[in-house]
Every structure is written in structure tokens, then in C-alpha cells.
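Below, each structure is written out as C-alpha cells.
In the two complexes below, subunit A is the common chain; its partner is subunit B in one and subunit C in the other.
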Partner chain A sequence: MNKLFITHEDLKTFVEALKKTCDEFIGPSRQHLNDIAFGDVKNDGEILLNYDGNTILSPRTFLLPQTETLFEIKGSIGGKVSSIEDKKSRIFYGVRPCDTLALSLMRRFFLEGIVDRPYQDKMENATFITLACAKPCSERSFCREIGSGPVAKKGFDIQLVAINRGYLVESGSKKGGAILRKYKKLFIVSTPSDIKESKRILKDFAKEAKPINYKRLAGIMRDDLVKESVWDDIGLRCVICSGCITVCPTCSCFSVTDRMNGTSGVRVRYCDGCPYAGFTRMAGGAMPKPDHKDHIRRFFEHKLNVDVERYGVPSCVGCGRCIETCPGNISIRKFIDDAMASVKK
Partner chain B sequence: MGSKMTAKKTMDEYLPKNAVIEEILQETADSKTLTLRPIDKGSTILKYRPGQFMMVSLPGYGEAPFTFASLASRDGRFQISVRKVGSFTNALHALKERDIVGLRGPYGNTFPLSKIENKNILFIAGGCGIAPLRPLIQHVFKNRKEHGRIEIIYGCRAPRDIFYKNEIESWRNNPDTAVHLTVDEPDQSWDGTCGVVCVLLPKIKLVPKNAFVFLCGPGIMIKLAIQDILKLGFKEGNIYASLERHMKCGVGKCGHCYVKGKYVCTDGPNFSYSEMKKMGIDS
Partner chain C sequence: MKKVLTTCPYCGVGCNFYLDVRDERIVGVIPAKSNPVSKGYLCVKGWHAHEPVQHPDRLKKPLLKENGRFKEVSWDTALDYVAKRLKGIKDKYGPDSLAVCASARCTNEENYLMMKFARAVLGTNNVDHCARTCHAATVSGLNQSFGSGASTNSYDELPYMDCILIIGSNPTEAHPIVGWRVRTAIDNGAKVIVCDPRRILPAESAELYIQQYPGTDIALINAMINFILKENLHDKEFIEKRTEGFDELRQAVSDYTPESAAEITGVEPEAIKKAARIYASSKKACIMYSLGMTEHTVGTNNIISMANLAMVTGHVGKEFSGLYPMRGQNNVQGACDMGALPNVFSGYQSVTDGEVRKKFESAWGVKLPEAAGLTLTDMMFKAIEGKLKCFYIIGEDQVRTDPDTHMIERALKSLEFLVVHEIFLTETAKLADVVLPGASYAEKEGTFTCAERRFQRVRRAIEPISGKTDGDIIIEVSKRLGYEMESEPSKICDEMASLSPIYSGVSFERIEESGLQWPVPAKDHPGTPVVHLGQFRRGLGKFIPVTHKPPAEVPDREYPFILSTGRLLFHYNTGTMTTRVSNLLREFPRNFVEINPDDAKAIGIRSNAKVKVVTRRGELVVSAQVTDKVKRRVIWMPFHYSNEPTNVLTNSAFDPVCRTGEYKACAAKIEKI
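And then the complex of A and B:
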């Protein structure tokens, strides 16, 4: 593909121009304790045009927020309900390839079948600018092995690949193409040596990494061949802190509750997840799987087995955030090795 | 007026539509049957088929899934049965006739109505598990000639816990039909069978080959009853259970009811035993 090129200075100009075209410009910035986190850098904070590592949370937090109002309620019994629409236009800048893949999986999940209106609202007005990775972000990430990085294959509107003298630029959608045409004065055609350099950087990325045979893994899990001791160990290690489901870029589960003030209020949804015992507890107290290890098993099976069958790829994108955050040292990466190695007869 | 067409607006699936409670019947000590009539324009709720469910919404209390417990009447009314088990059902029990509830749906799959034509059918229900099966039972009796022999096994804790008492008695009047009742804790008035639903299985006079079975009840009942009916020669693919799981959205998004790749709300709630085996569950 004929890639474009932009200098670091012109990228600054490009970003400043783009900021004026949207309501919120979600980009990475240095925050508390040197963390890199996404925030609305149009209105607060200083954007990092390029950065090492990954953001502490994925853009999921802006598309499926921790709590989100579904609609307003006026009057208790027989009251009126009206949707709350989020029509803000957002440009996401500096999204990593792993999170880009996560976004395309989440988009399919929420928009296929019965459409999730609040998610659709936000996606319709969102633009994604992906920033490919030059080197592995942490020893816990395994994007190369699971196939989500270091460059995004799809799911972005524009993708940037940092090289020494600037950035290679490609569009991944009609929307991205239109933006690049609009600001075409800022871009020039890349040279063969630029392309060569980018290829070398990407080739050097995690040289030792061997692809995970995730189809075989999914089969092992589907046929229930993982040794019980592997699940037992995970069950003992989990302290139900819910860190994993909070940082995971593809966790989509939620609960719904009403927040009332007298006879008016809102119905909100909030992020929820399988580690909690109450997640599957029914009215009356019955629970289909009372053992805690089965709750984490549900998490792993969803990411590594069910979604391979549904989408052709695992919905664990190898970002390593859950491994980083787990106080019990549960590692989905280690689980993959254990599962592949410890197949019971 | 703009000349440009505006983009087609997506329906907000999470917005409930109002229905009025027209009648409240005290079914048992802790259960009521409510007759509802949708009153909001654009309500899709009456399109339901036997086996489906809806989300019932009460401002301030949230939502919960309920199965349709009857066929819709010609004038657009239907029933739900509600057992008092938590804060939401307590709030539903506190409502009076003419009060309003919100509804979303219908959701979920239907019982395989075309497959069961001309077939023998066995229903096995426990407690309030009779409610999800009732629309199907009403359907087969409404179209009696198009179905084979019908037997209904219904078990409850005590005689006072039996749902739809008068209607169940009227089911006995149908040709080539048998209704068997059993209770765990008989009282003085009870001269019928005692014990779990499985004790009634030897009484059935219906040829299992090609027959269909529909079950709903407590998990343990479904599990044990399936074990026993398989021994009688019913086919795994012809045994359907209406399953219960915790649900928050009803539309396959919230993740609570998910079991090994299936969403009980959108792929179910009615699963054949062959499907259940693939999902690794027995109830």
C-alpha cells in the first residue's frame, strides 16, 4: 500500500487542527504517578503525540463507562421515560493496536443482533487514530503471540507508525481517508527507505515471540480438557478484586439499577463481571455454579474459547493489563501455556 | 424542513413501554397472577409466542425477566405470575389494579411449535415452573386435533402451592389427555400422589418414541426428571427445558445469563437436552 508520511511538527499541527473539529479529543497524557492515561486533551492536559508503553486503561472507559445513564424517569408508577443521547463527537488518538482490535470486537458485540443504542450513539461519532508500537510495552503483554500487534490490521480510521524522521500514515476507513484528504497539505508520500525502516522496527518487535495456536487452545477448552488443578489454582489465587474485568479492553458485562430522588431519577448501567458471586445469583438465591474457580473459568472461556468460535479470534488481545493488575498473580498468559501443556486424558 | 433524509433512528431497546394491570389474582400464599394490557403506542409485546419472556420494569426498582404465563387474549391481554422472592417482586406484589408497569420484549426463543404437531407431548412442571409452560399447554389444547396424546405432570410442595387450580382441572376434560399431580407435603384434603415429579413417570401412557417433553421447574427437578425420562426412551433432542438464569438486559448484552457461548436470553430460554449437554449444564 502506498503510505503517506508526516513529520513530527506537522503531526502537531494536524492534531491541533483535529481538536477543533470535535467535542472531545481523547488522547494519552502523563498523569498521576507518571501513568499514561486517556483523557480529553482538548480541554485538559497535554497530549503525548508518541509514547512508550500503553495507557493504564483502554478507550473502553469512554464507550462503556463505569456507570452510564440509559434513560430518565419522571414520576414513579406509570412515569415517563426518555432516552439520554450522547451525540458528542470524539476523536481517539494514540490507541494501541491491541486496543484497536478490542474496539472492533466490542463494536461487533454491541451492534450485532439487537443494537445497543448507547454504544451505537458513541461509535457513530467516534474516530480512531491508532499508534503502532515500536517496542513491547511491558513484559506482560503478548500481542505478537496472540496476533493483535504491534500493528493494527483493521478497526482504525487512521494508523500512524513512528519511524526516525516522523510517522508513516495509512487510512483504514472511508472516514479516515476523508480526513487525510482534507489535510493533504500536511502529508507527503513516504520514501522506500521509510517503508524499509518501519518494516525493520516491526520485525525487531518481540523477535522471539511464537504465535499462540489459539484455535487449538479453544478446542482444548471447549472439550473441557484443561486439568482441574489449573482451575483450582486460579480459584485459590483470585481475591475477587475485579481488577481484571475493570482493565480488560473487551469486558462488556454490566448490571442495571435505578437511582431515584423522590419520584424522578435515572436508570443506569454499570460495569459488572463474572468474578463476583452475585453475578449469576438468581432471585431466590440459586446459583448455577457456586464454586469460585468456575467464575474465573467463565472469564477465560469467554475470551479464549467462545469468542474464537464466534469471531474467529480470541477476545483476549494480549494487552497484559489483567496480569499487571492481579494481586494474586493470576496470568492469562501462563494459563494459556498451562492449558496447552496440561491436557487431561 | 431540511431536504436531506435524516438517518434512520435506532430503536432504543432499553426503553420500556407501559402496560396497565387489569386484574390481580392471589395464586398461592406467595404468588400472584397479574393480567396486563399494553397501553403504549408502538408496543411490540403482543407479538410473543409460547416460550418467550419479557422484561418487567418498575421505576426505582429496576427490571426483571418474566415469562408470559398465558396466551394473549383476543382483546390484547396476557398474564404473568410473580412469586415474591426479592425486592423487585415485593414491589410488584404491592401494586394494585389499574397501576402501570413498564414492559420490554418479547425476548428469547419460542417452543418448537411446528415440530410438535401430531406428536405426543409430555409436560413436567414443578412449582411456579408451570407458568412458562402454560402458554404452550393452552396452545396445544386450543389446537387439540393437531397434537397426539398429552400428559401433564405437575409437582408442588403442598396442595396450597398449586398454581392455576381451576384451569388445571379443566385440562382434564380434553380428549386423550391425562393430568397427574403430586405434592411433597400433603395435607388432610390431599388424596393424590406424594413425592417428587419422577414418582409419576411410571403412570404415563404415552409412547416415548418421537414424543416431545417440556420441562420447567427447580434445577434439581429438571436434572432428575431428565435422567429418568431418558431411561424411558425419550430422545435427547426432543426434550426441552425452559431455563432460568440471572438476567439484566434480555437482549444478549449484559452477560449475566451467558453459559458457554450461549445467551439464555437470546439463544434460549428454551433449550433441548442435546443443546444443554453441549453447554455443559443439566438444569
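And then the complex of A and C:
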């Protein structure tokens, strides 16, 4: 379809109008100094309509929060359980293309096959407005090489591409199309020179990027061809901070626990995952993979091998957040190079 | 929905994160990339720091003990009762029959109030806190050598070091975001030397690993100095211009050849020589240490020996050098700084100095006690003797943290009146007459000071669960005793700054952005990343000869093992917070003892077998972890488990100067069950 165009001023009007249509308008806002994080800018804080870099955490933190109460428990025997529902309508604005791809992968995980009701509730009431990237967000991100950026191909309702005089606008879903129609007075058809400008920006962005042959990488991992020394090094570096699985926009693992005060309380689910020994430890202390290096291997295998088989693409979207938060200086990007280069004989 | 930037409540590194608050519930943490300390990194405890805050086990109402059982009472009832009892005891036995234990978990402003409360309201210098059980040796040792008892340099120099000598410190587990900087230093090509009785993770990536016996560090360091002098690797110019007492040091270390030290330390002479050579000949070299050095009967001397080593090689008093004492608690640096110590006011100003006292007397409008008070260690002995009648404890669990649990229990049970502020009902709180529910870090405004001397803000994310912060409680008790105190945290900070020359320039406004590293002697002073530049705080650095002295208890036929204790990555002190976080508890749910495979074989046990660890003070049944992390004759245990408390075993023998107990070495035996 033809791309639409919106001016800087009209985008403000558009956002203000959208804020009135939802319970929470989740957008990037500046926190302390240069920290940018998603927040509810309808009720608190200033939105950044355009911004450099990426948010510290992805929108996952609203769809699968670090800790989330699932239901209330009252009384023990014959007690009552009542679910805690989150059906707030949310519009997410300024989601980066890497996180947009992550959302479409997470949607498949949580909503196809066994449906995760708390996730579904939130997704059904969510609208995603993606903001394409004009320049790399950090030295650690590699969206261009893994193919998740600088523009999203799918997974958004509306996508904005910033150019000098405003934004190019496209819809990616029925919901997005309906919104654009509703506010059609704010949009005009883009000119050929707008399109040309946006193409140049995106080309500059992706200039030196060499795509990662992730199918070959998955094959190398599937055939267990990565040198043991690569895994050994990773095992020695990981200090089990759990940062990688908490910041990753596609990590979906959780555990549940009951927070009881006497016979009443709540069931909580919380982020859980690969780095912990306890994640797969069995009764009596038996460990299917006793070496710590294999726990991080599990993380990498899932992202770069298993999900390539499952979804056709890796579930590492190249956002670089895990690299930026790792106190062991482990880099999944460096691992990819090491794995490709160090194929054992 | 809001995000509240604050400082982590666990170790002394001082990481920052945002608490993610939605509908009055804290649902997660977001690392603060803009923070100069943590730069977007956190450890596993930090990533879960929100979880204990709103745990259902939190104490919400004051508890008053009647006929041996607690009952919930109103704040007014509890506070009136506390004030009445404090006054009664003070009138009957005099002010020095009371003591206050301030808290390294609380803010600077609260610690300032606590020490003011002890001195101005109760009228005693009997105020101390848990630095007594950790880095009191650093304060007393470095003060003698350099004239200032805190870290000499800053975290951000670490990645650029050529050599980091880590001794008695496990940065990866106990101070993980400093551990990240050590990791980065290694990645940048630094040579790391790890000296530790336990083969800790950094040892795997180190240039050299030295496994000395617990309690033999002075022999090891003196031997390094001996070798450095013999090989002419010392920094003559530095020694000449910046120090005094070198000849005495040379004399004292002459007996400590690497060969003679080998016998004491169990370390090959070649390894000692190699360590000495790498450290001395590196251009940018520092020493990182922690409780492995301080928690000994020779703790103060251990610190002095490291100061000697640093001065001999000129690795102090400049950028990219120095001593890094890794502080264990979020605000143990600050609690010391605020004068929650029996001998000093805030800013390390002596209580026995008439001029200083006059200054505080005129500011506070009361007459202040003249003699230094009791240390925490001595408070326990005085309680048993019957001289100390009342103990007011804030956020400390001595029954689980102090060595020789049975002795501590006896001491606390000897008191006429015990008040405890706590957020969970700890073993110490259970012994109290009144428990006042305090507030966690997420419920208060204030500041913490981290191990690089940086004041940082703590900000309120939710209202206090009990209705009051620890500061509020102190102020209300004080008011009932007829003394009004300032309650606004920023104004308390201003009062503190106005009375403490080394913090004169500190204010909430100035630390808002990125904190400030003390000394900050003026409002326009930028703070001090590196101390002792050009000149030591005391003028010349002082070489103080120290000699090896074995631990108070050494292995013998009956108790053939050396038991050492320490911290795990996943838990924090007595585990009141971390054992209430599912992910953390699951990693290490129970206590255990590490034992070398040869010893395990000799006793006939395998991993996970139940064993009984016995010392002269107590015994404990735990599972064995057979590992070559420890060498023969050495066993190691964590101390985090309230229901399997390791400190029933440890020795309360203490350093004669700083009064810190010897947690790191005592004699033990292991019995197969």
C-alpha cells in the first residue's frame, strides 16, 4: 500500500488523541539523565515522540512482568480462588523493530497451542506503534545482521519511519488500518522524495552490516560443532545474575509460587530461566546438565538453534540488551562469530 | 505507574536501579545505565531486590511481649512503653547502662539520628553497629597507616589496572558489579593474583592462584615484601618522599623469607616470589580485600601489612593504585561515616576531643558524654556481666550474625530490656521485649554511601508498610524523652554536613545526579575519587611492622580442621530477605560444608552425606559438599541460614584493637553420621 505521511505537529495531535482512547499509553520517556524506559505517559511523565537508542527493557515487561500476580487465594480447604485479570487497554508507542519482531515470536509462543490466558488478555487489548530506527542504538546491537531492523516487516499495527520533515506511516494490521482511517485528516500521501529520503536513511543505517547466516549457524549448533573451549569460556564468565533472561525480549520462562499470609494470599509468577542450576535440578539434586556452561548453552541453543527450527528465524533479535547487562562480558554476538569460526574438526 | 531510581539494599558496591511500581505494587527492577557505579549491570540479588519488600511476612504492627508471647499493639502504646522503660533504666542505672546498635542497612540520615539519639538523648557513647563484625579493622588499620580508614581509590580505575591482587575477597560472589570490573580488567590484559583459602571463581581466570591457610596472611604478605626488598623491586623514591618508618619495616620482614613463610602458609615459595614480582613490577597495581582479611584476631595487623606492601611498591596515593576494602553492606561505609561508632561523631571526629565535643554540644543543645563508649563486642560481655541493662537494636540480627551464637543469646537474655527494629521477625527480634516494625529501603528517602565513598540517593517507592520509617521511630521515641529532632531527611543531611568537615559540601541537591565521593570539604568541592594524592591524610604514610600470629584457635588432635566461613552469591547475611526470594532460595536452599576430597575419603563421606560439624562452642548437622575448592584440613561454610546457623560454631575471640571476631578461622572436627 501507499505510505502515508504525518508532520511532527500532527503526530503530537495524533498521540494526544490516541491517549484518550486507552487506559494506558505506554511510550518511551526519559528517566534519570539519559536513561530511557517505557512508562505510562498518559498518566505520568513525558513521552519522547522520537528518540535515539533503545529502552532499557522491552515491552515484554508489560506483557510478562518480572513478577505478576495471577490469582487470589482465600481459605485453605474449600477455599476460593479468584483470578486477577489485567484487561487494561494499552497502546504501545515507539516500539523498536527488534522488539516488534520479538513480540510476534512471543505471540506465537503464548497464544498458539496452549494459550496463556494472562498474556492473551493483555495482547488482545494492546496496540503496537513501531518506530523504525534511523541509526544504530548501541555498539552492542546487531539487528541489521540478524535481520530484525532497522524497519519492522511485521508484528506492528502502525509503523512510523522518521524523515526530516515528519514521519512516513504504514499500517500492518486491520487494527492499525482502522486507526489510520479514523484519524485520516492528520495524514497525507507521502511524496516520492519522502520515500527516497527514507530509503537513503535506512540504507545508510545498514551499510556495513553483513547478514548472519543463521541457518548455517543453527546447523553448526545442531551438529554440536562448536569448540568446547568456546563453551568453557562462557561457563567461566557467567556469574548467574539472570540479567540476560530478564532483559531478553523473547525469554518466556517463568515459575510460580504462592505468597501466603496464613490461609490467604496470591499466586505469583516470576521470571525464571536457563542460568539457574535450580531451573532444571531434580529431586535428590540430580542435574540433567551439571556443568554451568551448559546452562548458558541452553540459552544460546534455544535462541539460535531450536527456534530457527521452530519459527524459521532465530529468537535472538539482536537488540544487544543481554550483552549490555552481562557482568561476565559474555556477548551472544561474539559467540555467533566464535561458533561460525571455531567449528571443530 | 512510576519508576523510582534508588540504590540497591544489598552489598556495599552501591548499584542503582529503578523500582517498577504499578498500582502500589513493586513488580520489578530496571537497571540504571546512567549510574556511575553500576552502569546498567546488576547481580542476581539486585535483579530480585523488589521481591522481599512486600512479602507477606513483613512486620506491620509493633509487638509487645507479655508473659513470653508477643501481642500486636498500637504505635502509641509501643512507643510510650519504650520511652518509659528507657527512662526508667537510665534513671536507675545511669546512661552507660544503655546501648544502641545502629544499622548498616539504614540510611545515613537515620544513622546520624541514631548516634545523636544515643549521645544527646540517652547520654551515652555506647553506640556501634555491625562494622564491628566486618570492616572495623579497615578503619583502625588504614587510619594508622594513611590517616583515613576507607577505600583509597575508585571502582572505575579497576578495568585499567595492570595487576589486581585479590586477597580474602570474592568479588564475583560478594561484590558482583565490582567483580564485573575485575572481569573487564582481565579481558583488558590485567594480571590478577588471587590469594584465598578457597579456590573462588576469579582464581580460574587469574594469572596466579595462591591457596594459603586461613589466618596466615601476614606471613604471606611479609614474605612478599621481603622478596621485593631483596630483589630491589621497591619504590625508593616513594618510600623516601612519602613515608616514614621504613627501616623498622625492613627489620621486621627480614625473618619472613618466602621459604620460611611457606611452612606457615602452605604456599610454595616460588608462588610467593611470583606474586611479589608481578605486583611490584606492574605499573598500575592495586589490592582488593574484604572480610577474609578483617575477620581475624589479627585483623588490624592484616590491614596494616597490606598498607605496608602498597607503600613499599609505591602502589598507593595515585590514580590506578591503592587499597580497595570491599564493604559488605549497602551502608556500612555510611554508618561508620555518620559516627555510629563508640569513639567518634560523624566524620570520624573523636568524642574525647574537647573542641569537637563543644561543637556538637552547642549544635545539639545538650551536655555530651566524654569517654568513648563500648564496642558491640564489649556490649555483649558487659550484658553477661550485668553492667549493660538495655540494648536498642536497629535492623541487626546479632543472634545469627555474631560469632558464638550461644554466647550472644546468653548476653541478650541477660538484659532487662531489649528493643529491636526489624522488617521480618528475626532470631534477635524474637528475644526482644518490644519489636518495632521498621521500613525497607524502598519505603524511605535518604542516602547510602558505598565502598568507593560515594553518597547516593535512596528514594521512596511505596509508603512505609508499618506506617513509619526507622528514622520516624527514633524521632518519636526521642520526643517522648523530651528531645525534638529534625525529621526531614535532606535537612538531617544538612545538619550532618554542617558539623562534619569532610562532608561539608554534601547535600541532597548535589548528590541528585551522580552522587559525590567524600572527602567533600566545601560546597563547591567536586568530591575525591582518589584519596592521598600527593600526600597522605596523616602527612607521611607510616610503615608499621607487623608479625604473624596464629588464629586464637588452631587445629589440634581433637579438632583437626580449620573452619572458615563466608558469603554465597545468592544470599545476603542471615537470609531474612534472600531466603524469601524463590529463585535465590532455590539455588542454595540449605546450609552445607565444603570439604576436600582427600579428607572426605579419610572420613568416609561423599557429597550430600549428612555430617556433624563440631567446635568447642557448638555443633551443627549439615550436608557435605566434597570439592577441591578447599585444601586438605580446611573446611568452609556459608552463614546465611537461620535454621542451620553456622555461627553456633565460630569463635568470638577478637582483634584487640578493633574488636572484630575471628569468623575466618577456628578449629573444628567433622563426624560422619
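Everything that follows uses one rule, which is that the second predicted complex is superposed on the first by the 341 of 345 C-alpha atoms of A that agree within 3 Å, B and C clash if a C-alpha of one lies under 4 Å from a C-alpha of the other, contacts with A are read in each partner's own complex, and residues count from 1 in each chain.
Following the convention adopted for this analysis, a contact is a pair of C-beta atoms (placed from the backbone, for glycine too) under 8 Å apart; a residue touches a chain by one contact, two chains touch by 3 or more.
On a predicted model such as this, the values are computed, not experimentally measured, just so you know.
After superposition onto subunit A, partners subunit B and subunit C are found to sit side by side with no clash. In the superposition on chain A, A:S242 contacts subunit C only, with no contact to subunit B. In the overlay built on the shared chain, the residue A:Y276 is in contact with subunit C alone; subunit B does not reach it.
Contacts of A:T67 after superposition: subunit C is touched, whereas subunit B is not reached.
When both complexes are overlaid on chain A, the residue A:V343 reaches neither subunit B nor subunit C. Superposition on the shared chain A places subunit B and subunit C such that, viewed from the Cα centre of subunit A, they span 80 degrees in steps of 10.
By the touch criterion defined above, A:M260 reaches both subunit B and subunit C.
By the touch criterion stated above, A:T325 is placed in contact with subunit C alone, subunit B being left untouched. Once the two complexes are overlaid on the shared chain, A:S252 sits against subunit B while remaining clear of subunit C. Following the chain A superposition, subunit B and subunit C show a smallest Cα-Cα distance of 11 angstrom.
The interface of subunit A with subunit B overlaps its interface with subunit C at residues 255, 257, 260, 265, 272, 281. Contact residues on subunit C toward subunit A in their complex (touch as defined above): 1-3, 5, 18, 20, 22, 25, 27-35, 40-44, 46-48, 50-51, 55-57, 172-173, 176-177, 179-180, 183-184, 187, 201, 204-205, 513-514, 569-570, 582-583, 586-587, 608.
Residue ranges of subunit A in contact with subunit B, taken from their complex: 70-71, 73, 75-79, 81-83, 109-110, 113-118, 120, 224, 252-258, 260, 263, 265, 267, 269, 272-274, 279-284, 286, 288, 298, 301-302, 305-306, 309-310. On the subunit A side of its complex with subunit C, the touching residues are 24, 31-35, 37, 39-40, 43-44, 56-57, 61, 65-69, 236-237, 239-243, 246, 255, 257, 259-261, 265, 270, 272, 276-278, 281, 285, 324-329.
Against subunit A, the residues of subunit B that register as touching in their complex are 10-16, 18, 58-64, 83, 85-86, 88-89, 95, 99-100, 102, 218-219, 244-246, 248-249, 251-256, 258-261, 266, 280-281, 283.
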